[in-house]
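Both complexes below contain chain A, partnered by chain B and then by chain C.
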Partner chain A sequence: MSSPLSLRAALVFAALALLPLTPWMSKYYLLLAFDALLFGAVAMSLDLLIGYTGLVSFGHAAFFGLGAYSAAVLLERGVTSLWLSLGLAVVIVGLYGLLVSYFATTRRGIYFALLTLIFAEVVYTVFRYTQAFGGSDGIQGLPPPSLAPGVLIDTPARNYYLVVVYLFLAYLVCRTLVSSHFGRVLAAIRENEDRARFLGYDVQRYKMGVCMISAGLTGLAGALYPGRAAYATPDLMHWSISGEFLIMVMIGGLGTLVGPIIGGAFFILLQEKVSSYVQWYSIVVGLVLVFIVLFVPKGLLGFRGALLQGLRRGTP
Partner chain B sequence: MNFAHGELYMFGAYAGIAAIGLTGSFWLALLAAPLAVGILGAVTEVATLRPLYRREPLYGLILTFGLAMVFREAVRQIWGGDMRRILPPVEGSTPLLGMTYPNYRLFLLVFASALLLGIWLFFTRTRAGIIVRAAVQDAEMLDGLGVNVPRVFTLTFAGSAALAAIAGLLLAPIFTVYPQMGVEMILLAFIVVILGGMGSMGGSVVAAFVIGIAQSLLTLWMNPQRVAIAIFGIMIVVLIVRPRGFFGREGVLE
Partner chain C sequence: MSRNGVLLQVEGVSKSFGALAALTDVSLTVSAGEVVSVIGPNGAGKSTLFNVITGLHGPTRGRVLFDGQVITGRAPEAVNRLGLAKTFQITNVFPGISVYENVRVAAQSRTPEAGRFTSLWRRPDVDTTVMELLVAFGLGGRRDETAQNLSHGEQRYLEICLALATNPTLLLLDEPTAGMTPGETKDATALIRRMALARGLTLLLIEHDMSVVMGISDRVAVLHFGQKIAEGPPEAIRNNPAVIEAYLGGADD
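Now for the complex of A and B:
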């Protein structure tokens, strides 16, 4: 079996690690890069479901938000250890993910999407209206988390490195997964679920498995968020955020892992850059989406592939 | 599935307010708003949704999500983000069954019933309505019979946009009008459609009654948040036990 980390991917990650050393990476750009990579990682874990298994989850914001609240609740009470935050996030998101995936995987297509959406809306409603979690304001003004006693993750650069490491590990997990036997069964389910079942695979177990992995990775990403933002709000769980995650995957290209990372980063950068020039950035972002669906349905990565092919054809 | 439907509903309310401002008449606005939004719907359908017929439904979902963002922000830019209210065109109230009802609500009840009856008659008794149903069931066959299927889809979309606009304007005197109003409504609308069964109008009406009554009854001994969660709970159970809803055909979109 080939190594999950190709030379090209290793070079990209090395470049990401060196990025803060370049002179033009101000604090603002480091935080922007943090968001871009974090949401890129979320989109990648969502791609496991959509691109590789053919399951469209419309409720990933709940996994992200539950992870964020897990960390926020601990930080609020003075428990600053990052490892405890991550641990709690895995437990909470895991339990919720087990519940959702158990019920949602009994249904296919649009019904799967709707079930994940409604479960997520329940979580959103609970957090939005529970005063112990700060209601609609969420939990604000959190202290920075610590990697070890005395080692705080309190600068944009440290947060940035944290997310690079997270993205690196998550990428290895996803890459290994999709090239394993497990990943091939997922592809078989995507192509023809009934046939996979007749071949003797316990389809629901595989689907639940990949849901849990995707949810867990998203929850971990969520747990990193309060360290950078110093808050967790119910807005992180709103269904429109789930929609944005889906869009990131689509922009990048389904079933490619790398594509959704680019898609997530592209979406965050687009939103941030356009909104710094005009107030009506939603119009621009919305139009870009419409354009991508109409003219680049395979996503940015697919677009590049088509472009390269066209160039090769042009120069025999 | 159309994520921008809530925004068409919102457009209806804003177009109505604009028309009231121009003409001073709610009733003229009730004609003008659906007309304007219907045209917008037709243009949108031809320009963006028509190229997607042969693709996965997921693309339509994401496209309409993008359109919803554009529409919402356009309204915010044109009319501002504040909450607005309009006065009900029918004033006074009537005592009925020991309670006092605002006349406007009674008017809504009658108007909505008439509208539903009209839609039902259209789909079951007219040639055009039967063609629309046939287009949903087997577009290729209909095409083979010489019907211009893309035009049917465009007109259906425009009609559904116009209906959303009517709903938006009719509810404007009761609810407040603001750019996010469509987002708040669309989930409830999905829930009603799924619960009733896709493609079954009677089902949608029954489901709307069930949700409405459940909401009112539960409010008696729960706070609104718990009620919202309970409604979601009903929805989850229906989706798991009987995903086609009360009266839906089996296998639609599954």
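Now for the complex of A and C:
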């Protein structure tokens, strides 16, 4: 397991890259796939905190939203370069992440979660009531971003490819990270942070480090969102979005990276499909999630593992 | 590094928790290569003394020097990086990861990558260190077992492996044989002594089991109600009237 990219993962990404060539991928499905993979990537970066370090962040929507607003503010002013959007998102989310993680990592457990939530609510409120950012309407009607002068990302297919590339790179970063020296320390902190200190590890530094990386990846995902949606609204930062991110990680399978990607994609597809049939879709979605938590506590990835094990034993 | 000199100096340390004086004016010196034991009835302040030395608690008065440097007020991780490791009375390992991963995370804290940016993508090779330790403590065949599935005795050994993997010059052992059978205790004592000799380690240990203390120590210090009431070679301590009084007359063990 020296290479961060297994053969299986490479095949999956190849299949994702070929997906738009299939006949049934309409514009609608391409945009749906964009959302599924984008939020899958966000759930994966949140898994670095929850699954690998044992830190539950209840404020990841703020990182996502700040990334989205970074891109939106630039697009609104006619600065369409995607690279500038990504750069600004990293700077803004990085500064905010430094502030949050510095204070939140001084506390443990529920207090860590509450501090991330409180900071995120402050950010939400600021954007919700600042007219320069469009208040509750956010920033609407944005032009498409460009990769280079004249190369616009203006079709669902181009947006889709962008998110596939992003997910691919973010996956490599996460995979490398969790098997590195740093990643082993994160596992030690999750298992027993006091003992990790007595082995010479400055636990707070490691926690801040992983918070910043997770926040940065989430902010980058956020910066891709206005290119697809043509808007950034304060709703993206609402605490319920942070809650949805947590649910995505939980139903996918903690500490697996791939599980949360599947969890995020599953959540988005479920929500979209059910809501196109019934208005009370959140009840159905909620019931499905309760079912998963009760009967598949290790998440969808764990479910698949258990199923395979059962098949091998000949007792499905 | 002071050769053959004093490695650890505890100078007039007092520690109070509210109205409770856990330690009162305790001084203790440990020279390089020595094996020193701290004994005393329950509640005598032995663990508090260890917590002050390793940086978990700041002392109310007094100071601690390690290798000539004042370490009072430094965090446990900083003290550990100077070469002072500790094992815990109640087994304190990483329960949900494998035995091998437990020791690896300890061993890699002494690699050049530790605390640097390169640690984000590199994984230092500490396989030799880890396997040497596991084999020495009879855990070689259990390397892939999850730590929480080990027997009590094996967990006690893993506890010591974690501390040794950080390559300390001074090892503090807080009741290393706690909960072991007499047979296991004998083996463990012999093993600890062998490891200390082989690695040129200095040992400071808290122990309840008198057979362990008498067999392993060059010097013994006795705490009673937070005060040091005696110090000397094991035979002298065994016959010291104040010590006998403390153990037999005072708080029972």
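Convention: the second predicted complex is superposed on the first by the 313 of 316 C-alpha atoms of A that agree within 3 Å, B and C clash if a C-alpha of one lies under 4 Å from a C-alpha of the other, contacts with A are read in each partner's own complex, and residues count from 1 in each chain.
The rule is simple: contacts are C-beta pairs under 8 Å (C-beta built on N, C-alpha and C of every residue); 3 or more make two chains touch, one makes a residue touch a chain.
Remember, predicted model here, so these are calculated numbers, not experimental data.
Superposition of the two complexes onto chain A shows chain B and chain C fitting side by side, with no clash. Once the two complexes are overlaid on the shared chain, A:Phe198 sits against chain C while remaining clear of chain B. With both structures placed on the common chain, the touch criterion links A:Phe119 to chain B but leaves chain C unconnected. For the three-chain arrangement built by superposition, the Cα-centre angle with chain A at its corner and chain B and chain C at its ends equals 80°, in steps of 10.
Considering which of chain B and chain C touches more of chain A, the answer is B. Applying the stated contact rule after C-alpha superposition, one finds that A:Ala187 touches chain C and leaves chain B untouched. Of all C-alpha pairs linking chain B and chain C after the chain A fit, the shortest spans 15 Å. Comparing which residues of chain A touch chain B with which touch chain C, the overlap is empty.
Taken together, the chain C residues at the contact with chain A in this complex read 54, 75-77, 80-81, 85-86, 88, 92-97, 101, 104-106, 108-111, 113-115, 119-124, 162-163, 165-166.
Across the complex, chain A meets chain B through its residues 56, 103, 106-111, 114-115, 117-119, 121-122, 125-126, 128-129, 239-240, 243, 246-247, 250, 279-283, 285-290, 293-294, 297.
Contact residues of chain A toward chain C in the complex are 176-177, 179-182, 184-185, 187-188, 190-192, 194-203, 205, 209.
Listing the residues of chain B that touch chain A in their complex gives 1, 3, 48, 51-52, 55, 57-59, 61-63, 65-70, 72-74, 76-77, 183, 187, 190-191, 194, 223, 225, 228-229, 232-233, 235-236, 239-240, 243, 253-254.
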